[in-house]
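Below are structures written as structure tokens.
In what comes next, chain A is part of two complexes: it sits with chain B in the first one and with chain C in the second one.
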Partner chain A sequence: MGWQLIRGWAILVYIFMFLPVAVVVLLSFNASQFGSFPMTGLSFRWFIELANNDAILRAFRTSIILGLLTAIISTTLGVLASLALVRYRVPGANAISTLLIAPILVPEVVLAVALLLFLNFLGINKSFTLLLFGHVIFTLPFVILVVQARLISIKRDVEEAAMSLGASPRQTFFQITLPLMMPAVLAGGLFAFTISFDDITGTLFWKPGGVETVPTQIFAMLRNSISPEINALGTVMIAMTVGLPLLGAAIARQISKKSGT
Partner chain B sequence: MSVEAREARQPWILLSPALTAVALFLFVPLLFILVYSFWLRTATGADQAGFYLDNWREALTDTFYRDILFSTLRIAAITTLVCALMGYPAAYFIARSKGNKAILLLMLMLPFWISYIIRTMSWINILGVSGALNTFLLWIGIITDPIQMLYNETTVILGLVHFLLPFMVLNVFVSLEGIDTNLEDAANSLGATRWETFLQVTLPLSLPGLAAGGLLCFVLGAGTYITPLVLGGPRDAMFANLVFEAIITQLNWPLGSALSLMLLAVLGVLVMIYNRYLGMAQLMKGLG
Partner chain C sequence: MSSVTLKNIVKRFGTFTAVHQANLEIPEGDFVTLLGPSGCGKTTNLRMIAGLLDPTEGEIQIGGKRVNDIPIHKRNLGIVFQNYALFPHKTVAENVAFGLKYRDVPKSEVASRVQAALDLVQLPDVGDRYPKALSGGQQQRIALARAIVIEPDVLLLDEPLSALDANLREDMRVELKRIQSKIGVTTVFVTHDQSEALAMSDKIVVMSAGRIEQVGTPEEVYNAPASEFVANFLGASNILQGTCLGKSGSDVAVETSLFGTVPVPASKASGLDNGPAKLVLRSEKLTLLPPGADTTGMITAPATVETVDYQGQTVRYFIRTGDTQLQAINLIDERPFPEGTEVTAAFRAKDCAALPGA
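Take a look at the complex of A and B:
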């Protein structure tokens, strides 16, 4: 009886989480010229309009370039720091971890203001560079958390075996450690890309006038009214955010299958 | 250089890029806005460097700021409570389910990966004048004219709950998974009912997860300004909206600095209390 109640409650929570998303996807195929009910038929017209909307395509390009650069820089910094924390006995490791996690603990608005004003003082105005620095700093903690969690599970035995067979530290790192670390590195990079791609809170503070990322473009479009194009864009983004991690997982499984045989 | 010395230096070489980035792009900027908050905005444009208390006096004594700070904390508290009430049973269901836990958890986490702005605006499709709910109510004949359900404090809280619920579920799930179920079986065999077992064994042991989820919901909820802009009315501004207004719209950077630091201080105290009693490790478990 009690368990039935809990299950019923949980189902309601699942519906609560999925219903709005489902409605976005449903309405994006609406043939009506208004982004709302009632549905007048199924159509792809809003996706076609989307593909012809220059502002949105520009926003996509900006978001993807920004996300990729953020992922590369953030993952590089994060992997190096995680290696130090997991593989060496560093005095004050706990304090250092807390310092590196600090960007998550500071509200993003405050981080956004501080970075904007400080870099402006140094002569770096609102620009793509500022945007990139900002995205790197708030994705870094997530990369460190994800990479550290996976690094711990890599045994040192294999590396020691390679060394004892005459491999130099450099060879050991590039031929043994790095390949073993690859899933962690990819997971960290994917995480950083997704967070950067989705960010709006900091981005609205840092972006120069005229430059839009996908979320700020959607936000600007919302000011007028909710057009069917926004729903179509939402469906594309849902497909991307749901599809990318699944794709990543599939690739990881493929790799591990190959190395297993 | 000896081998030991090189060995001791290596981790610092690896750590230095990340530490430099955090210092240069977080800690120094925070100190900088502390200094900036004592500067003065002048009509001519350039801010006057110096030590003026005007911004702090305005931020701390003007009832306008105080009222919005209190209503922000109230909205964050209600959001956290609703997340706990909705999220705990859901996490319990996943943790104690006999089905595939990984899939159940992944399904609930899926919306977490979907764009925040899309999820926020999706409520307009449901609650708007021509949204799903109004269309349905008109269709079954309960109402004859659509009702405006959007743009009030309730819809802001609704949007925040939808955004933050996965953080709560994940943290509670992690702590429920960590409980040895033998303890529950033992309580049952000693004559406790399922409800007594839950109240006296399971719930106390899962409190750290509940606290971690609650902290995340509260801090993230209290720091938002996008949700009130999309789902709130003109009078539903939260504290972060004031910061955004001061910095971006009015270009009053000294006042904006003071307001940012006020928000940081209020939420920082919470984080420190949490750290004092439960430690950061619990929080990291749920995030990592």
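Take a look at the complex of A and C:
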């Protein structure tokens, strides 16, 4: 009896969490010209309109380029930082580690305002580079957390064995360390991409005029009216931000299954 | 193949000195064991030879050449680690071939050399598998194959048998020694297990607290320990306080309160001057006999059995003579003496060794 209640309660919580998402996905296939119930028929009309909307396509391109660059820069920096913190004795490693993780703990608005004020102080204008810079700052901690955990589990003697066999430290990194931490590197990159792709708070502060990412574009569209296109866009966003990490996890699992780690 | 020389090696970690003034000469082709309890500096020495640690002072030579400034990947060494350290993302064959990549070995030759190495460790058919699919003992054989396929100048073994279970360890011990003598490579073996050291080594280097206590053949360090530490670390010994009365012929007379004057062979009493001395009496050499047994040529004392520690083939007795407790490890003949039995403790003077007393 008690368990039934708990089960029922859990189902209610899930409904509370996922019903809005389900509604958006459902309504994106609605033929009606209003983005709300009742459903008048099944149609891909809003997806087609979405594909013909230049502003949204531009925003998509911006978001994807921004996400990819963020992912690449964050993973590179994150891997290097993790290597330094785990493999070398850096003075004050603990303090550095905490500082690197700090952007997760600081509210994003604070971070956004701080970076903006700082650049103002330096007399630098808002630009795409600044936007990218901001995204790198708050995705970096995630990459470092994931990569560091993996790196700690890679035993030092495997690298020592490679060096004793004649591999230079650089060759050892590319032959042994990097392949062994690849699942974490990919996961970190995906994290960075999806976080960047999703972000609105920081982006609103940092983006230069005329540049829109998908979330800021949706935000702008909502100010005028709730167009059914937004539902379609939401569905696409959900597919990307949920699908990509799942795909990434599957790839990582495959890689680690093959290497047996 | 090359000799290895340590000259006045000192290694400090901050204020802690891990190795004090180590001097060691390892001749070409020898199997030398660094033996000691954990924290004695044996692994530190090995890692310095490997180039994984830099000595604070002193010089390391391989093949007569100073290697202090040569990084590990240019030293041409084979290292086998305690936890195998195979590359989990590479197949067994790729693991073994790894070192050949950096040695300009023609492609056609790589496969045959890998196969020869796998044959040598008696695992010819596992080349396509991943390390995870192998047992611990098999993984350690692959690690050995990977280390010797590059024809190293020196083979360094860092407690390679410690992670294996007891039966396998003995098999691998024999196997390792067989392979080493077959290829004749200079080998430095680090262990805390005295039976491994005694069974495998040409020479044993006993270390304690960062210092080399004794260097010698297994027989030398076992029969004529140079210090109380060595006497206790290799097997169990009874150390009795006594007085050295001086040399007579080929013997040195050591007087103890329990056994009177014991003529210790001079070869086992080196560095002994008249005055305080310690008599080293190995537990295995102290025999318990029923009272009244024939003890011609032996030194005896009456004793009482206090504790009996039955070990199957042998039994370890703790006996009391006067106010001294002694340890005796005897083969069991029929049945062990029960606790409380009055016995005669007997040994031969030539089985004893003597050390300078404190």
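Simple rule for what comes next: the second predicted complex is superposed on the first by the 251 of 261 C-alpha atoms of A that agree within 3 Å, B and C clash if a C-alpha of one lies under 4 Å from a C-alpha of the other, contacts with A are read in each partner's own complex, and residues count from 1 in each chain.
Everything that follows uses one rule, which is that a contact is a pair of C-beta atoms (placed from the backbone, for glycine too) under 8 Å apart; a residue touches a chain by one contact, two chains touch by 3 or more.
Keep in mind it's a predicted model, so treat the numbers as computed, not measured.
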Discussion item. Let's test your reading of the overlay: on chain A, do chain B and chain C clash or fit side by side?
Written reply: fit
Fill in: chain A as apex of chain B and chain C, Cα-centre angle in degrees (nearest 10)
100
Discussion item. Applying the document's definition of touch, where does A:L180 land relative to chain B and chain C: first, second, both, or neither?
Written reply: second
Discussion item. Quick check for you: in the superposed arrangement, does A:A161 touch first (chain B), second (chain C), both or neither?
Written reply: second
Worksheet item: Which of the two partners, first being chain B and second being chain C, lies in contact with A:T129: first, second, both, or neither?
Response: neither
Discussion item. Going by the contact rule set out at the top, does A:V110 touch chain B (first), chain C (second), both, or neither?
Written reply: first
Worksheet item: Touching A:Q171, do we find chain B (first), chain C (second), both, or neither?
Response: second
Worksheet entry | Of chain B and chain C, the chain that contacts the larger number of chain A residues | B
Worksheet item: In Å, how small is the closest CA gap from chain B to chain C once the two complexes are overlaid?
Response: 6
Discussion item. Please output the residues of chain A touching chain B within their complex, sorted ascending.
Written reply: 2, 6-7, 9-10, 13-14, 16-21, 23-24, 27, 34-38, 76-78, 80-81, 83-85, 87-88, 90, 96-111, 113-119, 121, 133-134, 136-137, 140, 142, 144-146, 148-149, 194, 197-198, 200-201, 204-205, 214-215, 218-219, 222, 226, 230-231, 233-234, 237-238, 241-242, 245
Response to the item:
In the complex, the residues of chain C that touch chain A are 50, 52, 71-79, 81-83, 85-90, 98-99, 101-103, 130-133, 143, 146-147, 150, 156
Response to the item:
Note: in the complex, chain B contacts chain A through residues 10-12, 14-15, 17-19, 21-22, 25-30, 32-33, 36, 86-87, 89-90, 92-94, 107-108, 110-111, 113-119, 121-126, 128, 130-132, 134-135, 162, 165-166, 169, 194-195, 219, 222-226, 229-230, 240, 243-244, 247-248, 253, 256-257, 260-261, 263-264, 267-268, 271, 280, 284, 287-288
Practice prompt. Please name which positions on chain A make contact with chain C in the complex.
Written response: 155, 157-158, 160-169, 171-172, 175-176, 179-180, 258-261
